[in-house]
Amino acid sequence: MATQIPQTSTSEHASAGFLPRIGRSLAVVPALGWLIGVLCAVIIEYVIGDTLAVMLYLPKVPALFGTTLVLKEPLLFPSALLFVLLVYALPIGAVARMSAGWTNRAAVALERVPIWLSVLVHLGLLYAVLHVWTEASDYRLQVAKLIMIAVMLTLSINVINGYMGEFSCSHPGFMALGAYASSVFTLLLFKQDRLFGAALLPESLGPYFFPIALVIGGAAAALGALVVAIPSFRTRGDYLAIISLAFMFIVKSAIENIEPIGGPRGMGGQPHWSTLPAVFAGMAICIWIINNFVRSTMGKALNAVRDNEIAADAMTVNTRRTKMVAFMFGAFWAGVAGGFYAHEVRHVTPGSFGIQMLAEVLAMVYFGGLNSVVGSIVGAVSISMISEILKPLQLYKWIIIPLILILVMIFRPTGLVAFRDFDIKRILGARR
Amino acid sequence: GKKRETIIKIGINAPITGDIPKVGEGSKYAAQMWLEDIEKAGGLQVGDKKYPVALVIEDNESKAESAVKANTKMITEDGVMVIIGPQSSKQAVPAGGVANDYQTPMISPWSTNPDTTKDRPFVFRACFLDPFQGPVAAKFVKEEFGYTKAAVLYDVASDYPKGLAEFFKMAWEEINGPDSVVAYESFTTKDTDFSSQLTKIKDSGAEFLFTPQYYNEVALIVKQAHELGFNNPIIGSDSWGSAETVSLCGEDCYGLFFSSHYAAAGAQGATKEFIDRYQQKHGYVPDDVAALTWDAIRLAQQAIENTGGLSGDIKKDRVAVRDQLAKIKDFAGITGNMTFTEEGDPIKCAVIVRISDQGEYEFYKQVCP
Amino acid sequence: MNTSAVHNPPLLQVIEMTHFFGGLRAVHDYNLTLMPGQIRGLIGPNGAGKTTIFNLITGIHTPTRGRIELEGRNLVGLRPHQIAASGLGRTFQNMLLWRHMTVLEHVRLAHYAQLKYGLAGAFFGSRLRYAEEQRVADNSMRLLETFDVARFADQIVTNLPYGVQRRVEMARAMATEPKVLFLDEPTAGMTPEELVQMIGIIRKIHEEFKVAILLIEHRLKFVMELCERIQTLVFGEVIAEGTPEEIKNNPDVIEAYLGKEEVA
Amino acid sequence: MQLTVENLHVSYGQIKALHGLGFSIVQGEIVCIIGANGAGKSTTLRAISRLVDAEKGSHMVFEGKDLLKFQPDKVVSELGISHVPEGRRLFGNLTVMENLQLATFARRDRALIKENLETVFEIFPRLLERESQLSATLSGGEQQMLAVGRAYMTGRKMMLLDEPSMGLAPLMMLSMFDALKEINRAGTTILLVEQNARLALKFAQRGYVIENGRIVLEGESRALLENPDVKKAYLGG
Amino acid sequence: MAFFLQNVINALQWGSFYALIALGYSMVYSILMLFNFTHGDIFMTGTYIGFGVATALVALATALSWSMPGWLLLVLTIIIAMFLTSILGVVVERVGYRPLREAPRASAAITGLMIGIMLEYGNLAILGTQRYNFPSIIETVTYDVGGVFFTNKKILIVGVALLLMIALHQFIHKTRWGMAMRAMSYDFQVVPLMGVSLNVIAPMTFAIGSALAAAGGILYGMAYPVLDPFMGILLGWKSFVAAILGGRGSILGAALAGFLLGFIEIFTAMVFPSTFRDLIAYSIILLILTFRPYGFFGQAHSAQLRL
């Protein structure tokens, strides 16, 4: 509900007495209303952002709500805050509230059409918001894309670690497989390149083949996942964690030893196909399919395997198939995320897919919340943002982020939004 | 509104955190020393105007993805004119792509991977490449000792040692015929035990060992080799060129040779000045990263000055700076004289350094391409 | 053994099943002929091997020796979920519930083998899937009502009272549409009042779903009232088999299991 | 009074389990608590052995000492209250013998320990047979025996028994209750929680009936057995 | 032959480090059922503490112009460092693990990971990026027996590892304390009912584990004398591998698996091209676990992950 607007809730802390009242009056706004509010805000920023920034002595339109400025130049904090208030908080709140009447009516109307249509309408709006917002700065765009890739990755690991309850450490490995497989595909076909020679197809055709490249990446990762899935029939828990860890090391070491794909030097020159619409579509599809799956009875079998395997077996659940599906499915999306990553960063090295990345994705998934699609989104977005914001602190960043995580774990041991169904109907529905 | 003043911003893309913080620190300190100089002079004189200068230091966390983000941010948000860094090829290659796309000159002080600068007119580097340094070491050993059987020990998972090891092997086999590298052994980053590889090396009858590793590994490799009874010479590369090599390795390393950009002990002129200043300020002799960063940033300064005046339009100025960079001839860096090739790689001489019996880096020999 | 078998083939037949745990012979030459719709009891002292028999039949352990046939089809060597899907439902002595799942989810999941929408349906949400999920949900609610636990449908099982959990477990077992239901001490931890209620519930499902039932129980009242025939197991071997009356008066059973007071 | 409990309040997060419950026990008694599922019987025992925290205002005194001041391990080692928890809760990775030995962790009286051990094996000969088997692989009833034996080994001023008859075969149940009587005769107070009310009341001298976290009835066992309400609600008609 | 024997010795030394660290890891891991991801960093901190203590002792001895014999210096260093590091272990238990005792195990694993990162960067923030040279506490003596080289330090290291392995195994299996620890790994909630205090057993476990890490760290520092704030990461993960390969709950298994890991790494590098070392070594581990799903001495029931 109110989770949709972090800006207002953080920036209006001062008026604590107000807050409940504002909160109540905003509670009637449906998702549609919020989206429209945010769209207005980003359009306002697009139009007058630069002028306003100059007036507020800001060097530029603050890229991430001024958060990246605050630590570098604390003096600019009031200006940044004012900017955020004027450009985001106020317009969003006002537009959302004022349009609540008709957006609610629209939401009611949308409740009557097939759900996918309603979802498409909302997604379209959300995309519009992102599109306008990222127009302002390429840095913003890149951060947004990398966050969306992180969301995919976190979701995919939640399938295994959260829904099925195995402590899998192999995700960097899956991602590496996806990144490399899709890169090989695109470089082979569309790029004149040191490793594979001339392009086989004209590059202009490329973007149409990008989905295929991603699927190939995902498939490679899914195939790799068999190495972990098959032992999981007979063992689990810690032992499986080690198997998956070994898998990660094996993938890294194997890539290092394959000269044709660059060995430790890595592989570069991928075309820049991870555009905003592509990544956005990828993420939306990923969320949609994963959410579909985990909410189906077949997907709930993952939970049963996690909570008690013997009982699952005795209740006709094919546990082997379930594990196989979970690993391959999770790995598939990690591979797709890897494909996006490779075509965004445009250079992959085996060294990137190691323990450091593992620590990061684990942090995201456990911070956000186990067994929850929303949790993964929250985890990926917040950890990525915090990590971006605190960069100016350099070393101390790595003391503060762990501290935050420890506190979250102590007070919410299963993560921020754990064990909650992502109920699209309820989220998109009208509010009364 | 009000007109914004033109500030020349230099971006530093360095691994302040992550697994090689020392490298980040060296880059940061060198850049800050340079900034002091400029500020003392009241700014950077370009044409007939003095411009204030600012450093934008971004941490790339020793990660490719963060290096890319840092470059994008510095270019699109901060509006830097030149980027110095990233240091490791793992980050420099992808980050170079970004710089090139945005037509922003970038100089990586330390990256040896050919891909960093290849087909990227806007990307330069300040160090020499493996295809040059490998043969230098091979030739030196042949001329100096006349050996015929070589052993190599390197980190497979790391770009620099692996590349150098390969070129060394190629050069050595060219001189001494096939199979003259009798042991070609490897390990993985962060390994500390090399006993198995060293046992193999010793068993192979190699007359010397070439190991293009970083200083922390050098200490371990040399000590373990001695413990295993391998007492033949051990030869290194420019990555040995940190004061820490000797402080960590101690007497075990005395008398060994390595190829490098400069020799700290015998340094003269600007080089010595830099070393002394750095040491005074930070308490240790700067390593090659710091020296190369210093040269890179001075190269950038030179190019900016050579433009003869800034237009105020950052996009145009960047192109102008890049053109001037490409034109630089015989730049007198503290790590040697440099001229850029077509690809943006410097042509420079190497020196052979001997670690003296006092543990100092003595100039031994110069080798030019 | 059973003469009517000629006309009416047995539903479940276990022949000379034997099992060892290491050197320990837990079950020895166990035979069982269960006719459709029959309710049978299995009693015996602690550690006699009753639970082990259940585990063997339902595939959790594989018997060292012996045959198990359901409607003439061999079950030995099948994986537990296949055995379950072919018509053997069960509950567990220690109740194996899924800690993080709601009551309704428990029962829904037990329909797993009946789902036909496949992975594609699960991923993309086909029409078939929604139809099936709806059917499963309806059926689950019906079962919950049968067991009188519908009001807990959306609660996480771990916080529920013991007796409720037992009934959820039975509802879950019934959702697999078993032909034979194995109940391992279904009344452990229940009050006498609930015990009576449980007798009613078991009668009801027996009639409504036409399942055959094999139950392990130490509460004699329960066994005597429900079962047509009872086997008594001691040290893995059946020492007596017969109607409740016969068992109650069998001196061996009294000696090994019941004790004199209980009968009196 | 050996144990006095007054105004006991316990909650599990949002769920309130006990609402100001109170009762008392005299040294050497056998007292039982009966009640429906979820009435709060186990919670009461857990509160006494301090496994769950009692809320403010609760009052528990054992032999003149404020029970609430003791850590759970001290309740066992210093006050001598042992507890057979619901669901047995054996240490499955330890053998039968190790489970019994661990129970004497805080005890120093070696000679007596040895004697007690023999007593346990006398009551439950099956445990002796299975001495070095991992307790996780015991049958349900065997586990129950071990749980009782283990509690016997810890401290013996008072024993809290949570459904000790669960899963025991009739004969075994009789012998266990005989053994408990024996233990009681040797001076251990017994507080018994049972679903099987008839059995419990037959065994105990006094009983309490608990409903929704409150004591609703108390009295001599015999009286309770005759009480029509109890008969109807807990004795199966 | 000399070549082979030399590698056996290499493997023994290298394996004994894995064994030593895995022992400490296994203590906490198998008792508290925690993935103790901090262990590698406690090991690192222990090494630094040992470094500090040794340096201070040498300085003290010089100041008092007293020539301390090497073995005394070593013993003193180890004892003091073990003590100090065990305090660190207790603190880690108190802030990082105790509040999460009832939480899913994976959450505690994450806090562990995070505390580890804090230790790394805390170290970096305090001591800077410089690497330190661990003092050579005792004089290295190299022996050459028919072309096989080994040093007095190697003998010491292998000896200590074996000794600690046996001592710890006895402690866990033969004493009441050990029994209580094992019980705790199975069901910590009812451990108090045995008259055992969780708040004594858990910190004690951490203290022992951390002290072992310090001992291992000092020996490690003597053998590989380059200190680095990130030196514990890889060793920590590998000892994690060893502890689990040995089988949950088995101290002996952990140590043996540590030695095995050492042998696998050294011998794959010996037999195959060393570039394939990790690939082959980890494939072997993967295969071992595929065919021995519960490690060497583990039991099936112990594999459940508490969530």
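As written, the chain order gives the labels A, B, C, D and E, with residue 1 at the start of each chain.
We take it that contacts are C-beta pairs under 8 Å (C-beta built on N, C-alpha and C of every residue); 3 or more make two chains touch, one makes a residue touch a chain.
Keep in mind the model is a prediction, meaning the values are calculated, not measured.
Asks: Going only through chains that touch each other, how many steps at minimum separate chain B from chain D?
Replies: Each step joins two touching chains, and the minimum needed here is 2.
Asks: Chains shared as neighbours by chain B and chain E?
Replies: For chain B paired with chain E, the chains in contact with each are A, in label order.
Asks: Averaging each chain's C-alpha atoms to get its centre, pick out the one most distant from chain E.
Replies: Greatest centre separation from chain E goes to chain C.
Asks: If you average the CA coordinates per chain, which chain's centre is most distant from that of chain D?
Replies: If we average the C-alpha coordinates per chain, B ends up farthest from chain D.
Asks: Please report how many Å separate the Cα centroid of chain A from that of chain C, as a whole number.
Replies: Each chain reduced to its C-alpha mean, chain A and chain C end up 45 Å apart.
Asks: Taking the mean of the CA coordinates per chain, how far is chain C from chain D in Å?
Replies: 30
Asks: Using Cα averages as centroids, what's the distance between chain A and chain E in whole Å?
Replies: Each chain reduced to its C-alpha mean, chain A and chain E end up 36 Å apart.
Asks: Scan chain D for residues touching two or more other chains and write them down.
Replies: Residue numbers touching two or more other chains: none in chain D.
Asks: For chain B, what residues touch not just one other chain but two or more?
Replies: 17, 19, 21, 156, 188
Asks: Which residue numbers or ranges of chain E touch two or more of the other chains?
Replies: 121, 124, 233-234, 275, 277-278, 302, 307
Asks: Spell out all pairs of chains that touch, sorted by label.
Replies: A-B, A-C, A-E, B-E, C-D, D-E
Asks: What part of chain A is in contact with chain E in the complex they form?
Replies: 161, 165-167, 227, 230-231, 234-239, 241-243, 245-247, 249-250, 252-254, 256-257, 306-307, 355, 359, 362-363, 366-367, 370, 395-396, 398-399, 401-403, 405-406, 409-410, 413-415
Asks: Across the complex, what residues on chain A touch chain B?
Replies: Listed in rising order, the residues of chain A that touch chain B are 51, 54-55, 59-60, 63, 68, 137-139, 142-143, 146, 194, 252-253, 256-257, 263-266, 268-269, 272, 341, 344-352, 356, 388, 391, 394-395, 397-398.
Asks: Name, in rising order, each residue of chain E that touches chain D in their complex.
Replies: My answer: residues 176, 179-180, 182-183, 185-187, 189-199, 249, 299, 301-302.
Asks: Hey, which residues of chain D end up touching chain C in the complex?
Replies: Answer in residue numbers: 12, 15, 36-38, 87, 126, 137-142, 144-145, 163, 166-174, 195-198, 233-237.
Asks: Would you mind writing out the residues of chain E in touch with chain B in their complex?
Replies: Chain E residues touching chain B: 3, 6-7, 10-11, 13-14, 121, 124, 128-131, 133, 140, 142, 144, 147, 149, 151, 224-226, 228, 230-231, 233-234, 265-267, 269-270, 273-275, 277-278.
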